Amino acid sequence: MTSAELHQLLAAVRGGTVDPDDATARIVALLREAPYQDLGFARVDTHRELRQGFPEVILGLGKTPPQIAAIAERIVSSGQALLVTRATADAFAAVQAVVPGAEYHEVAKIISFQQGELPQGRGTVLIVCAGTSDLPIAEESAVTASLMGNCVDRLYDVGVAGLHRLLSEQARLYSARVIVVVAGMEGALPSVVAGLVEVPVIAVPTSIGYGASFGGITALLGMLNSCANGIAVVNIDNGFGAGAMASLINHL
Amino acid sequence: MTSAELHQLLAAVRGGTVDPDDATARIVALLREAPYQDLGFARVDTHRELRQGFPEVILGLGKTPPQIAAIAERIVSSGQALLVTRATADAFAAVQAVVPGAEYHEVAKIISFQQGELPQGRGTVLIVCAGTSDLPIAEESAVTASLMGNCVDRLYDVGVAGLHRLLSEQARLYSARVIVVVAGMEGALPSVVAGLVEVPVIAVPTSIGYGASFGGITALLGMLNSCANGIAVVNIDNGFGAGAMASLINHL
Amino acid sequence: MTSAELHQLLAAVRGGTVDPDDATARIVALLREAPYQDLGFARVDTHRELRQGFPEVILGLGKTPPQIAAIAERIVSSGQALLVTRATADAFAAVQAVVPGAEYHEVAKIISFQQGELPQGRGTVLIVCAGTSDLPIAEESAVTASLMGNCVDRLYDVGVAGLHRLLSEQARLYSARVIVVVAGMEGALPSVVAGLVEVPVIAVPTSIGYGASFGGITALLGMLNSCANGIAVVNIDNGFGAGAMASLINHL
Amino acid sequence: MTSAELHQLLAAVRGGTVDPDDATARIVALLREAPYQDLGFARVDTHRELRQGFPEVILGLGKTPPQIAAIAERIVSSGQALLVTRATADAFAAVQAVVPGAEYHEVAKIISFQQGELPQGRGTVLIVCAGTSDLPIAEESAVTASLMGNCVDRLYDVGVAGLHRLLSEQARLYSARVIVVVAGMEGALPSVVAGLVEVPVIAVPTSIGYGASFGGITALLGMLNSCANGIAVVNIDNGFGAGAMASLINHL
Amino acid sequence: MTSAELHQLLAAVRGGTVDPDDATARIVALLREAPYQDLGFARVDTHRELRQGFPEVILGLGKTPPQIAAIAERIVSSGQALLVTRATADAFAAVQAVVPGAEYHEVAKIISFQQGELPQGRGTVLIVCAGTSDLPIAEESAVTASLMGNCVDRLYDVGVAGLHRLLSEQARLYSARVIVVVAGMEGALPSVVAGLVEVPVIAVPTSIGYGASFGGITALLGMLNSCANGIAVVNIDNGFGAGAMASLINHL
Amino acid sequence: MTSAELHQLLAAVRGGTVDPDDATARIVALLREAPYQDLGFARVDTHRELRQGFPEVILGLGKTPPQIAAIAERIVSSGQALLVTRATADAFAAVQAVVPGAEYHEVAKIISFQQGELPQGRGTVLIVCAGTSDLPIAEESAVTASLMGNCVDRLYDVGVAGLHRLLSEQARLYSARVIVVVAGMEGALPSVVAGLVEVPVIAVPTSIGYGASFGGITALLGMLNSCANGIAVVNIDNGFGAGAMASLINHL
Amino acid sequence: MTSAELHQLLAAVRGGTVDPDDATARIVALLREAPYQDLGFARVDTHRELRQGFPEVILGLGKTPPQIAAIAERIVSSGQALLVTRATADAFAAVQAVVPGAEYHEVAKIISFQQGELPQGRGTVLIVCAGTSDLPIAEESAVTASLMGNCVDRLYDVGVAGLHRLLSEQARLYSARVIVVVAGMEGALPSVVAGLVEVPVIAVPTSIGYGASFGGITALLGMLNSCANGIAVVNIDNGFGAGAMASLINHL
Amino acid sequence: MTSAELHQLLAAVRGGTVDPDDATARIVALLREAPYQDLGFARVDTHRELRQGFPEVILGLGKTPPQIAAIAERIVSSGQALLVTRATADAFAAVQAVVPGAEYHEVAKIISFQQGELPQGRGTVLIVCAGTSDLPIAEESAVTASLMGNCVDRLYDVGVAGLHRLLSEQARLYSARVIVVVAGMEGALPSVVAGLVEVPVIAVPTSIGYGASFGGITALLGMLNSCANGIAVVNIDNGFGAGAMASLINHL
C-alpha cells in the first residue's frame, strides 16, 4: 500500500464509504507485513514510501544485474515506483525481464517505472550546469527530481568563464524555488548563482577535469568553501542526492 | 530602507495614504545610492537585505576589530540588522563602542543587533548535536537561525554510540521542518537522523576529535558519503552556514 | 605434523600407547626440518600452525597462479590446511591441478582445502554488513572465520539509513561472542553496533562508494574515529584479517 | 544501581532473603529512572554499566573543567566508577572539588574514582611500547585496562631498531592473553610482535615523530597494512580505546 | 654599479664625455668583483640587478633579524635597492640600524629602501582582491609592483558572492595591462575576472578561510583548474611573487 | 565577423570607402545576434574573439565526438578559427566530416582550422621541456601558441640532471620574449631557467613519473614553491593553458 | 671512448707505447664532439660514462618503442653499455632490431647490452625483499647492480611477520657491503635490517599492497620514518635507483 | 668497553702483554652484562657501539629533560661518546648537571660529549645547503658527521635560482667522497648536484617554505622523484640521519 492509497482509504472512512472496521483490518494487515523483505543479500525496505514519501531507491553501483533485478521486482510488486541509479545497460536488460514497462534514461543512467500517484512539489526545481561534460550528472539530478514529482527546468553550459551566458538567463534563476548547480573543474558556479538568488542552492561537484582537479575534489572543496550563503553540498557526482534533496525541499 | 519598509511603503500606496509621486521619489532615491559603500578595505553591501532577505553578515575571522566595527557601523546606520560570526571578545568591545545596543552570544561567538522586522519562518528549525564538545558550532547554528527569524529547538549530546538517547526524542525530530545536525569525530549522526525523518537535513561536520579526525575531515567525508537521502553538507565548523541555509528553507 | 597431531602423540605417551622413545624420535625429526621451505621466490612457513594455531595463509594478490600453486602444494603436502585469499579463477585452476580436492568460494575469492583437525572457537562469530555491495568482503570474513573453526552467523544489508532493519535483529547481535562489521561509504555501522553490545567489534571498511569515498578512506577514517568503545579496525577490504582476528579472539 | 548490586539482589531473591515483591519494586524503580540524565549540554548515560559492563567514560578533550566536573558528579553520585581521559590538571582540580576521593594519573592524563566491584579479566593485558616518547599513550592504555579490572604488565622501549631488546623478553610476550602495542614513527612494532605470538594484538599509532610522520599518519598506515595476522588498530594516540578493547577481550 | 649606471656610462662613452679606456677600466673592475658576496650563512647576489632587472629580494621568513640586517647592508652598500618580504617589526628595527632610511610597509610586511633609478612599466598593474581578510597579501603584491617601478591600481573586496561589486568596476579591469587577483576560500574570483578581460591574470590563492579551505589549498586548486584562459598561478600567500611576475610582464 | 574584419570595416569608414550608415547597420546586426548560440548541451560563445582576441577553444576531454563536431561546425560557420584540444582520432574524424579542411596535430592531440587573420605576437615564445616523455604536453603548448599567432621555438630534453645540455643553449633562452617550461618528475627545470633569464616563465607540470610523482602533483608543488622569481604555474598537463597565456603576454 | 679506454690510453702514454702527440690528438677529438647528440625528441648524453662512471640509462616509461630504439642505437654505437629500465616486450623487439645482441631480463623489465669494461665494486651488494610480490622491483635492483659491475646476492621473502626467516640468514646480512631492502605494505623490513648491520641500507618501497597501502605511500612513509640509523630511501618501485646508488657506494 | 678498547685488548693478547685467560675473563664479564640497561622508561643500548660502530644516539624530541639526562648519564658512564639531537637549552642544562663536560651546538641543537677514540672516515663529507633558512638542519648534519669522525666541508646558500653560486664551487663538489644536500621549498638542489658528481648524494628535505610547501612535503617529493641517479633521501628535517648515513658510507 502506498501513502496515497492509505490517504484514500482514510478519506473514504471519513466520507462514510468505507467501514472503520474494514479499514482497521487493512491497516493491521499492513502492519503485520515485515517492514522489509529479506532477500539474503538485501533487505528491501517496502515501507519507506510510507515513512519518507518516496520508495527505496536502488544504487546500481556495485550490485550485479541479477541482484538489481531481484530488488526491483520486489519494489514493483509491492505497488511502489521504481528508481535505479548508476544503472548499466546490462542492468536495464535484467530489470526489463521482470518489470516489462521499465524505462531507461540513458544519459542519466537511471531505470524507472512509475506507478501510484506522487504528490507534486510546489515550485520549479532548476538544474544548472557549468559545461557540456557535466551533462550526465545534471541529467541524473533532473530525471530524479522529475520522477519524484517536480516541475524541472534545465539551464546548461553557463560556466563562470563566460558570465554573460548566465546573466542573460537571470529570469529563469529567479523563477525557481530550489536550484541544483552542477559543476566540475574549479566548481565556482554555485557561489555565483547563490549570490544572485534567495532560494536554497544544492551544489554538486563533478569529477570532470584533469590534473589537479583530482576527480572532483577541487570542485567539492570550492563549493564547501563558498563565500556565498544558502549553499549546501552533496558528494562528487551525486546528481541523484541533489535531485532528491531538492525534491524534499520543494515538497515542504 | 529594509524590505519590510519597502513593503510598507507600497502597501500605503495601494491603501491611498501615500501619494504615488512621493513613493516614486523615495524609491528613486534608494536606487541612487550605490548598492554598496566603499570603505577602502571593504565594500559594504547595503542592499543585500532587499535582494536576499537578510542583510550582509560579517565573517569576523581574519578581520581586525576596527575593521569589524567600521563595517558594523555602516550596516546598522543603514537601518539593517547586524550579525557578526567568529567574533572575539575584542571585536565585541570595538563594535559596542559604535553600536551600543549590540549583544554578544558568547558560546556561539556571535555579535548581533536587531532592528527592522524580519519575516518569520513557517516551522521549527531543530539543531541536533552529537556531543558536548560540538556545542559552540551547534550554538552558532541555533543563534543564527533564531536571529534570522526562526523558531529554534535544540537537541544536544545524542551521538550514535548511545542510540537510545536519540530514539527517545523522536517526537522532536518529527516535529521539525528542517534539521541541522552537528557532529565531529566519525560524523555518523546525520545518516541516522536522515533515515528517521522526511525533512531536509543540513549536516555540519565539526573539527572536534583527535588523531585521524584530521580537524574535521573525517566527519566531513562521512557526511558527504551518507547512505541516507535528504542530506546536504556545509563546511567544517560552518554552523552559521547551516543555520542560514535552514532559515532559507524554512522561509520558502 | 599439525598441532593436533602433536597433541595426540603426547596424549598417547601419557596413555601409555606410545613409547616415549618413539615420540622423542618423531619430535626430533620435526625439529630437524627447517622451519620453512625455500622455493627461491618464497619461503613457506611450514611450522606456523604449530606456533600460531593456523597454517600460513597465502595472499593471492600480486602472485602469479604458478607461484600460488607451488606454495599451496608445499603447505598441503606438509599435512596442513590451505587457505588462499584474493584468488582469481585462474589461480584456482592452477591450485586444483596440484591439490585436486581444493574448493573455490567464488564470492569470497578464497581457495581452501581442509585437512587436520582444528580446535573450535567457543562462541559465535557474527558477520554484519551494511549493504549488498559489501558482500564480497563480508564473505571473505565469514569464510575465513568458518575455515578457521568458528560457528559463523551472517546479518547482511542492515546499514544505518534504515535503523529498523538492525534494531529488529538485536537478538542475533546479543548472542555473538565477537562481531565483524563490514561497511563502505560513511562507515557508520560499527559505531551503532558497538553502542548496542558488550563484545569486541572488528570493523572492516570497504572500498564501496564513489566520489569522496576515496576507495574506502572515508569509511576507514569514520571507523577509526568512532565515538563508541570496543572497536578496532583493519585495512580497507581486509575481510580476511577481520575474520582471522575474530577467530583468534573466539579461540581464547 | 550497578550490575554487581543487581546480581546481588537477584541472588538474594533466589536465596530467599529478599522477597520477590520488594525486588520487583526496586527493579521497577530502576526502570522508572530515565536511562540518562540530561544536563542540557550533556546526557549522562547512567545505565551504561548495566548494558555494557563499564560506566560511561568521559573524554576530557574539548570539554571545559566545569562541564567535566558536572558530568563526573552525576556518574559518581549514581554509584558508578569514574574514568576521565585527556584530563588536564585544571579539570582534575574541578573534579576533586565535587569528588574528593578522585585520583589523577599524571602521565596518563586520567582522573579516576573507584567504587562498586568490577569483574576481573581472565589473563594478563600486556602493554608494549616502542620508545620513551610513546609513554603517555602507553600509560593511558595501561591505566585504563587496570581500572577496568585487568592484571596489566608493561614492556617499554623495545622498538624494532634494536630487536634484541624485544627478543630477550619473549617470555612476557607469551604469557599475555591480549597485547596492546604502542608505537610512533614507522609503527613497525605491532607487525613484529604479532608475528611472534598467537593472541590478539591491538595496535595504537602515536603522533610521535616529525617530518613525514605527519602526526601519526605514518604509524597508523603502517599498522593497518601489517603483513602479520591478528592485528587490529585504533585511532592515533587512542591509548584509552586500546585499553578498553583489550579489557573487553580479556573479560570474554 | 646598477644597470642604470652602466647604461649611463655607455651613453657617456657614445657621447664622447667618457674615454673608452676609463669605461673599460670600470667595467673590468666590476667583472673582477665576485658576482656574489659570501657572508658564510648567505651568498648575496650583488649582480642580480644587472642580470635580471631587479636586485636580489630577501625573503624574511626563516631568517633571524641579524641575518636579514647583514644581507640588507650588503645590498644597499653595493648601491642597489632593498626589498625584504615577510619582515617582522623586529627585522625592521635591525635593518633600520644599518640602513637608516629604510621604510616599513606594515600591512604588506615589507621593508624597502629605494636608490638607483628603475625603468617604469608600460601600463597599469591592477591588484584585485576578494575580501577584506585578503588585504595583507594583496598589499604585498601592490607594494612589490610599485617598488619595482609600476603604476599600481587597487580594487578590493569584490568577491564573487556579490557580483555587482565587480561588474560596476569593469572600466578599471579593462584599463589594466596585467591583473593580479588575490582570493582565499573557494578562489573563484580569477576565473570570473579572466573571463571578462583579455590581459594576463596572475592568480594568488590566500590561506584565508577555515575548515576545508585547508590553509589555502582549496583556493589554489580552484585557480589551477580555472575554466577561463589567461590565468597562471603562484604559491599560496605569495603576493610578492605575483607582484614581481606582473612587473616583469608590464616591463616587456 | 572577426575582430580583424571589424577593424577593416572601421578603417574603411575612416578612409571614406564605406559609408558610416552602412557600417552602423552592420555593427547593429552583429549586436542583434545573441552573443552565443544555444545547442541545448552547449552554448557556443561566438563573440569571444571580439571580446578576448581568440575564438572559443573546445576542450575535447569529456565531450563525445558528435558534440565536438557540432560545436566546431558553429564556430567555423561563424567565420572563426577552430582549436580543439585533447582531441582523439575519433573526434577528428567527426570534425573532418563537417569541417573538411581541419587538420590534426597528432602528438599534441589538437584539431585546428585556420581562417581570418590573427595579429602576430611581438617576440618568440620558447617551449622548453625536460624529457622525451614530456613531448605531448610541450607540443600542445607549441601548437597552441603557433595557431594563436606566435613565432615558436622548441628546446627539448634539457632536464636538470644534465645541466650542460641547458647551459649550452643559453642563447636561445635569452632570445625569447616568453618561455614555457614543461617538466614532470621533480619539476625543477623552471626554477633553473627562471634563474637565468629576465622574461616571464610559465611552468607546466606534467603527469610524467611514477611512484611518489603522484600523477604530476610533485612537479606541480615543486613549481609553485620555486625559489626563483618570475614563474607562474598552470594545471598539470595543461599545455594549452600555458601556450595561451604565453600568447597573451607576447601580444601585449 | 669509455673511461676504461681513456685510462688505457694514458697508461700507454706512461708506458711509452703511445706517443703523447697522438694521445693529445685523440683527446682533443673527443672534446670536439658535442657532449650530447640531439635527436630532436631527445639529447643523448654520450659523455656521461666519462663524467659519472656509467653511461646514460634510459627510463623506458613514457617513451615509445621507436624512441627507445633510436636512443639505444646512439648509445651502443658510441661504444657504451646499454641499460633500459621499465622496458616492455615491444620495446625490446624494437631495440633488438637495431642492437642484435641486446638481452631482455623479463622479471626486471630491463634491456641490456654489455660492452666496454666496467670497474668492479669492492664488496657484495645484497638485495633483500619482504615478499614474493616484491620480486619485480627486487630484480630491477639486482640486475641493475649486477650490470653496473657488482657482485650481487639475493635474500627474498623474509618479511617481518616471520622474523625467524630473516634471523636465520644473518650471516648473509653481515657479509654485504651495501644492502638494498625492498618492501611493500607497511615497509618495516629496512628498520629491522638496519638495526642488525653496520653498513648503509637503501630502502625501496613498493606499490604492493591494497587498501590503505595507497600504491606504496605507506611503505614509503614507514621507511622515511625509520627509527633505525643508516637508512636512506628512494622513490616507490625505484629498484633501478636503489641498485645504482648501491653500486655507487660499492665502488667508492 | 668500547670497540677501540676491545681492539686494544686483543692486540695486547697478540702482542703477549695480556694473558689470554685475563682477556677471556674480561670479555666474558662484558657478555654477562645485559646488552642494554633498563631505566623503566627506556632501555639504554650499551653495546651499540660494539655492534654498529657508534654508540646509541638520543633523539631529544618528545623526551623530558630529566629523561634525557638519565639516559645520557648511563651512556657516558659506560665509557661511550654522547650525542643528543633536537635538544633544547633546558635539556642541555639537565645533561650538564650529570655530564659536566658536555657541549651544546646551538644552531644544530645537539648536545655532545666525546670520549673513546673513533675511527676516521676516509674522505670528506660535504654539506651543501640551498638557503640561509636551511642552516639549522645543515648544521645538524655537519655536527653529526663531524662527531662521528669525519672531515666535514660546508657549502651554504647555493640554491638553484642562482646557478652561478654553485657552479663557481664545483671544485669543492668534486673533492668530496659523500655529499649531503639540504634544501626546502621545491627541493631541486640535489638533482642538480647529483648531475654534476659521481659520488653518493644524501638528500635532506627541510620544512622551510610556506603555502604549498606543506612543511617540507614538496621538497621531499621533489627529491624522491629526482631525474638524477645516485640520490637517496631521508625524512624531512632529518639532518642527523643524513649525517649518520654519510658517515657510514665514508667509513666503508
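Quick notes on this structure:
Letters A, B, C, D, E, F, G and H mark the chains as written, and numbering starts fresh at 1 in each.
Criterion: a contact is a pair of C-beta atoms (placed from the backbone, for glycine too) under 8 Å apart; a residue touches a chain by one contact, two chains touch by 3 or more.
The structure presented is a predicted model; accordingly, all values stated were derived computationally and were not measured.
Looking at chain B and chain E, the chains that touch each of them are A. The chains in contact with chain B and with chain F alike are A, E.
The greatest centre-to-centre distance from chain D, using averaged C-alpha positions, is reached by F. For the touching copies chain B and chain D, the fraction of interface residue numbers used by both falls below half; the interface is of the different-residue type. A straight line joining the Cα centres of chain B and chain H is 56 Å long.
Distance from the chain A centre to the chain F centre is 40 Å, each centre being the mean of its Cα atoms. Chain A and chain D, compared by their mean Cα positions, are separated by 45 Å. For the pair chain G and chain H, the distance between mean C-alpha positions equals 27 Å. In chain B, the residues touching two or more other chains are 131, 162, 211-213, 217, 220, 224-225, 229, 235-236. Of all possible chain pairings, those that touch are A-B, A-C, A-E, A-F, B-C, B-D, B-E, C-D, C-G, D-G, D-H, E-F, E-H, F-G, F-H, G-H. Interface of chain D with chain H (complex): residues 131-133, 135, 156-158, 162, 164-165, 168, 208, 210-213. Chain contact summary for the complex, chain F toward chain H: residues 130-131, 159-163, 185-188, 191-192, 194-196, 209, 211-214, 217-219, 221-229. On the chain H side of its complex with chain G, the touching residues are 51-54, 57, 177, 197-200, 202, 220, 224-225, 229-236, 241-242, 244-245, 248-249, 252. Across the complex, chain F is touched by residues 34-36, 40-43, 45, 48, 59, 61-63, 67, 71, 86, 205, 207, 215-217, 220, 235-238 of chain G.
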